[in-house]
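Chain naming follows the written order as A, B and C, and within any one chain the residues start at number 1.
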Amino acid sequence: MNKNYNSKLAIFIFAFPTLILFTAFVVYPIIPELIISFQNNDGFKNMGYIGLDNYRSILMSATFWKSNANTILIVAISTCVGLPISLLLALLMDRQTEGVRRFFKLSSVFPAVLSVTVIGQMWIAIYEPQWGVINSVLRSIGLNNLALEWLSDKRTVVIAIAVAFLWQYIGLNALLFYTGIKSIPKTYYEAATIDGASFLKTSIKITIPLLQDVTKYLLVLSVLGCMSQFAHVRIMTAGGPGDASRTVIYELYYRAFSASDYGQGCAIAIIFIIECLLFTLIINKFVAREKVEF
Amino acid sequence: MIKLKKVASLLLSAAVVASLAACGGGNTASDSSVSSSTTSTSQASAKSSEKVNLKFLSLSADDNRNKIRENYIKKNIEKDMPNVVVEYDLGGGGDDYANKLKTYNASGDMPDVWFSEQNLSSVVISAGNALDLAPYVTKTGFDKKFTMKEVIAPDADGKIYCVQPGADQYFTPRLWYHKDIFTKNNIQVPKTFDELVKVCETLKAKGITPISIVGKGGWSPNLHMLQTMIMAEDPQVAVDLTNNKTDFSNPVVKNALGRIQKLVKVGAFAPGITNIDYGPAVEMYTSNKAAMLAMFTWELPNLEKASPDTDFIVWPSAKEGVDANAAIQYWGAPLSGYLVSTKTENPEVAAQFAMFCATQDALFYNTENKSMTALDTGVKIEGMSELAKKNLDQFNAATLKIPSLWSAIYNTRMSAEITTLDSNLLTGDYSPDEFIKAINPIWAKNFDK
Amino acid sequence: MKQKVINRIIKITLIIIGLTFLFPLYWMVNLSFKSKSEVYDNPFGLPKEWVFNNYGDALEKFNFLRYLSNSVIYSIGTIIITILLGSMFAYCVSRMNWRFKNTALTYVSLGLIIPVQVVIIPLLIMVKNIGLKDTHLGLILPYSAFALSSCILMLYAFFRTLPRELEEAACIDGCNIYQTFFKVILPTIKPALATQFALIFMNTYNEFFLAFILAADDSIRPLPVGLLNFFVSIGVSHWGQIGAAMVITSIPTVLVYLVGNEQIENALTAGAILK
């Protein structure tokens, strides 16, 4: 048997197509980006190499750091708030009758299935300051001074976008957690039931530790997915008001295409990739007890 | 677990693989744009019996552009240029559009003919990718058809890169208002800025949104309101800006910014204004939720149809002695129109197609929009409404016509920055001083070639 | 007794949350029956006056069937390539013995952090150079390349938990490695593959950015790009029609989801990503 698994030809046949496809369409394109990041380039013409100037002006721009802070806020809300909620929903769902569970499972994925355009436009309507759902509710219960201009207020806009994003994937994540719970062999619980352990206790002592693998997978996907957040911002606020809700990728898009500084856009891209690598390192180091296989 | 060293060495080896995989083609995005064009003049004289394929990229993000393409260009092409087969590429609008054109350019895959506005056109031209249309324009006598010669006048280098119908030259921003709402609330038409502020306060107190504007991305201040507010005090400063004779620290500019901020503060605009798009802004006016609308005259036919009680106010002046009627800004810009790629295989046919498009464009404005164009199509504009006539008379009576800073003067960097700052300004808590401090360094480079 | 009350509260909470997930569906359908002005006057209530021709008007503006069939081609093509290559690679990395397998896995994981917005221009040059511009494959290959990373990571995690006895049995029966993989292994991991099928479908079907740039020719455009005329802000404000267009484009995904829901769910529960 081992002969099969050492065969150079077999390894080549199994691994090579992926490597070539991936290299050609995902990795290769970074090289020209790296080169352009050292150029004064407007997207139409290279006007000369300028060394690290693009990197310097990016790293010195307040907007860039703000966009980083926004991105981190969105990541933090989605993972630190979103994932626990999903987990809780999954745990609760597990204890419900089949009917409720079926309904919940069926509905939970809908937001993730629909396109971002639909979701984004719907949230614009929900946040609308005069007749939107949120403010109508707030006003009807007398909280008039809490009825803010959610997407036009610099203090609330990023959180508002993060909430929309969180909501869209919370159901899908709950379902993934739930499938994890269901695949835990019942024998683990039998002892607990005999001991008369409560729902809370079994969850903390048995279920959650056994969900380690799912949690790690969702954590990585959620962090990296939020890092490259672009579409929601684009549709809901176009980065506004001013530059208050730009994420890193939005800032990249703005520099490269709106401001016609393709060189700076590429520099942001390179910095962004480095940031993502760092993030993954952090996850590996501090969060996962066993290293995340990444 | 990740090992950075491993990743780095892999990236390096991948680079080697990749450069092989790419067959040496287009190692950097910019190289391909510089590569010389293969245009040969022998191909130019394609016989009329041969089918010529052209790629045409056009804006598809506004109704007028869509109507021109669908109802005029597509319909008349078979009759007017039967030998041409057009592949239509819909480019969306705004940044999407610029993005698309840039990507095409970088990959050496420019459309044969495309529509672009001034700031994008000038980037393409400076990269040497736009064809000089002058020979074809003079050969066909296309330039003779213009009532405003400056619309088809050559650039400083003697070349004509762009053909356009000259409809934009007649578009100007107006302050539209509902006569009924004004009468019902006993409001007089404001003549000065201070009166306008008072009118806004009155309307606001009655629960009516005073002025509807497009706030998303600072659209209305970007496109005209800042300039309007400058001209309300001293039109000469707007002229000086267009000629690079002054900058944004000019006190008149500062006052203009202050006036916009003042309007925000008195609640002249709807709540959540920084997130209100074009469609909703117009709708807010036509559904009588807003008493006034700051918008260009290209919406005139729609406004009139949706709200028959519509009239317009001449922009109130902000300084005694300034005649608000005397100066007017116009939207048109010399390089907003149809351009042809230097890499097109059939320059002559492509140039003809560009001129054909400009003509169709003009036909649309003459017949459907009932507005004037500098290009004389021979169509007599019939059934112009009273309001449209009033608008045209007032436009013609203006003694000083100033091009729009946004459409004709700002480069892409400047437009992008202004977009951010105007959006900030509309929040009400961004001061004119901060605005000026941020914009001046960018403005200083606006006229760099 | 107390337990019962708590249980009921949880039940109601879950149902309410579930309903919020269905809200976009209601919103979209409701919108599609409203007149242009009512959308603003009465954004969330039922239409006061039902307008049915929004659908007709929306369909008139674009060639729905053509865009839909393109979307299906892109989705299915991407799914086939990604799942085939991804499962082979993941299997190779988890089972076969070679020196650089961990490095290779790390390398492929890089795909998770490279945003497609960043590489669009070189990508287009690439597609053009290999002669795939304006073909379906010109979009399917980049989609697959970008989908590979998460697919491989998931399948890899799954293979690790798969008992080796399966292959040993197959080996005794005289299967070579290819037969083992295609006849024994793939059928065993069907649940995981089904999950990937669903996830890739959702992503590819709704993808806009790459398709917008790469699919210039109208005849190969997918639905989201075909709908461009509806979804841009300037000058287009007929929300009734936009709603109708949104409903029409969403129908296929909703159908796929409703029909496949049970399978997907079973697949997930059977332990796709998870032990």
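We adopt the following convention: contacts are C-beta pairs under 8 Å (C-beta built on N, C-alpha and C of every residue); 3 or more make two chains touch, one makes a residue touch a chain.
The structure presented is a predicted model; accordingly, all values stated were derived computationally and were not measured.
Undergrad: Would you indicate which pair of chains has the most C-beta pairs in contact?
TA: A-C
Undergrad: Based on CA centres, what chain would you say lies at the far end from subunit A?
TA: It is B.
Undergrad: Between subunit A and subunit C, what's the gap in Å when you average each chain's C-alpha atoms?
TA: Centre-to-centre distance between subunit A and subunit C: 16 Å.
Undergrad: Between subunit B and subunit C, what's the gap in Å when you average each chain's C-alpha atoms?
TA: 37
Undergrad: Any chance you could list the residues of subunit C touching two or more other chains?
TA: Those would be 106-107, 109-110, 121-122, 125-126.
Undergrad: Quick check: what residues of subunit A touch more than one other chain, meaning two or more?
TA: Counting only residues that touch two or more other chains, subunit A contributes 24, 27-28, 30-32, 128, 253, 277, 280, 294.
Undergrad: At least two other chains touched by the same residue of subunit B: list those residues.
TA: Within subunit B, residues 2, 7, 14, 22, 26, 29, 99, 102, 106, 216 contact more than one other chain.
Undergrad: Help me check something: in the complex, which residues belonging to subunit B touch subunit A?
TA: Touch list, subunit B to subunit A: 1-2, 4, 7, 11, 14-15, 17-19, 21-22, 26-31, 33-34, 95, 98-99, 102, 105-106, 123-124, 126-129, 215-218, 270-275, 411-413, 415-417, 419-421, 423-424, 426-427, 430.
Undergrad: Quick one: in the complex, what on subunit A touches subunit C?
TA: For subunit A paired with subunit C, touching residues are 1-2, 4-7, 10-11, 13-15, 17-19, 21-22, 24-33, 89, 92-93, 95-97, 100, 103-119, 121-122, 125, 128, 131-133, 167, 171, 175-176, 178-180, 182-183, 210-211, 213-214, 217, 220-221, 224, 227-228, 230-231, 249, 252-253, 266, 269, 272-273, 276-277, 280, 293-294.
Undergrad: Which of the residues in subunit B come into contact with subunit C in the complex?
TA: 2-3, 6-7, 10, 14, 22-23, 25-26, 29, 32, 55, 60-64, 66, 87-90, 92-94, 96, 99-100, 102-104, 106-109, 216, 277-280, 282-284, 286-287, 289
Undergrad: Help me check something: in the complex, which residues belonging to subunit C touch subunit B?
TA: Against subunit B, the touching part of subunit C is residues 36-37, 40-41, 103, 106-107, 109-110, 120-122, 124-126, 128-130, 133, 212-213, 216-218, 228-229, 232-237.
Undergrad: For the complex, give me every residue of subunit A touching subunit B.
TA: 20, 23-24, 27-28, 30-32, 35-36, 39, 41-46, 124, 128-130, 149-154, 236-243, 253-254, 257-262, 277, 280-281, 284, 291-292, 294
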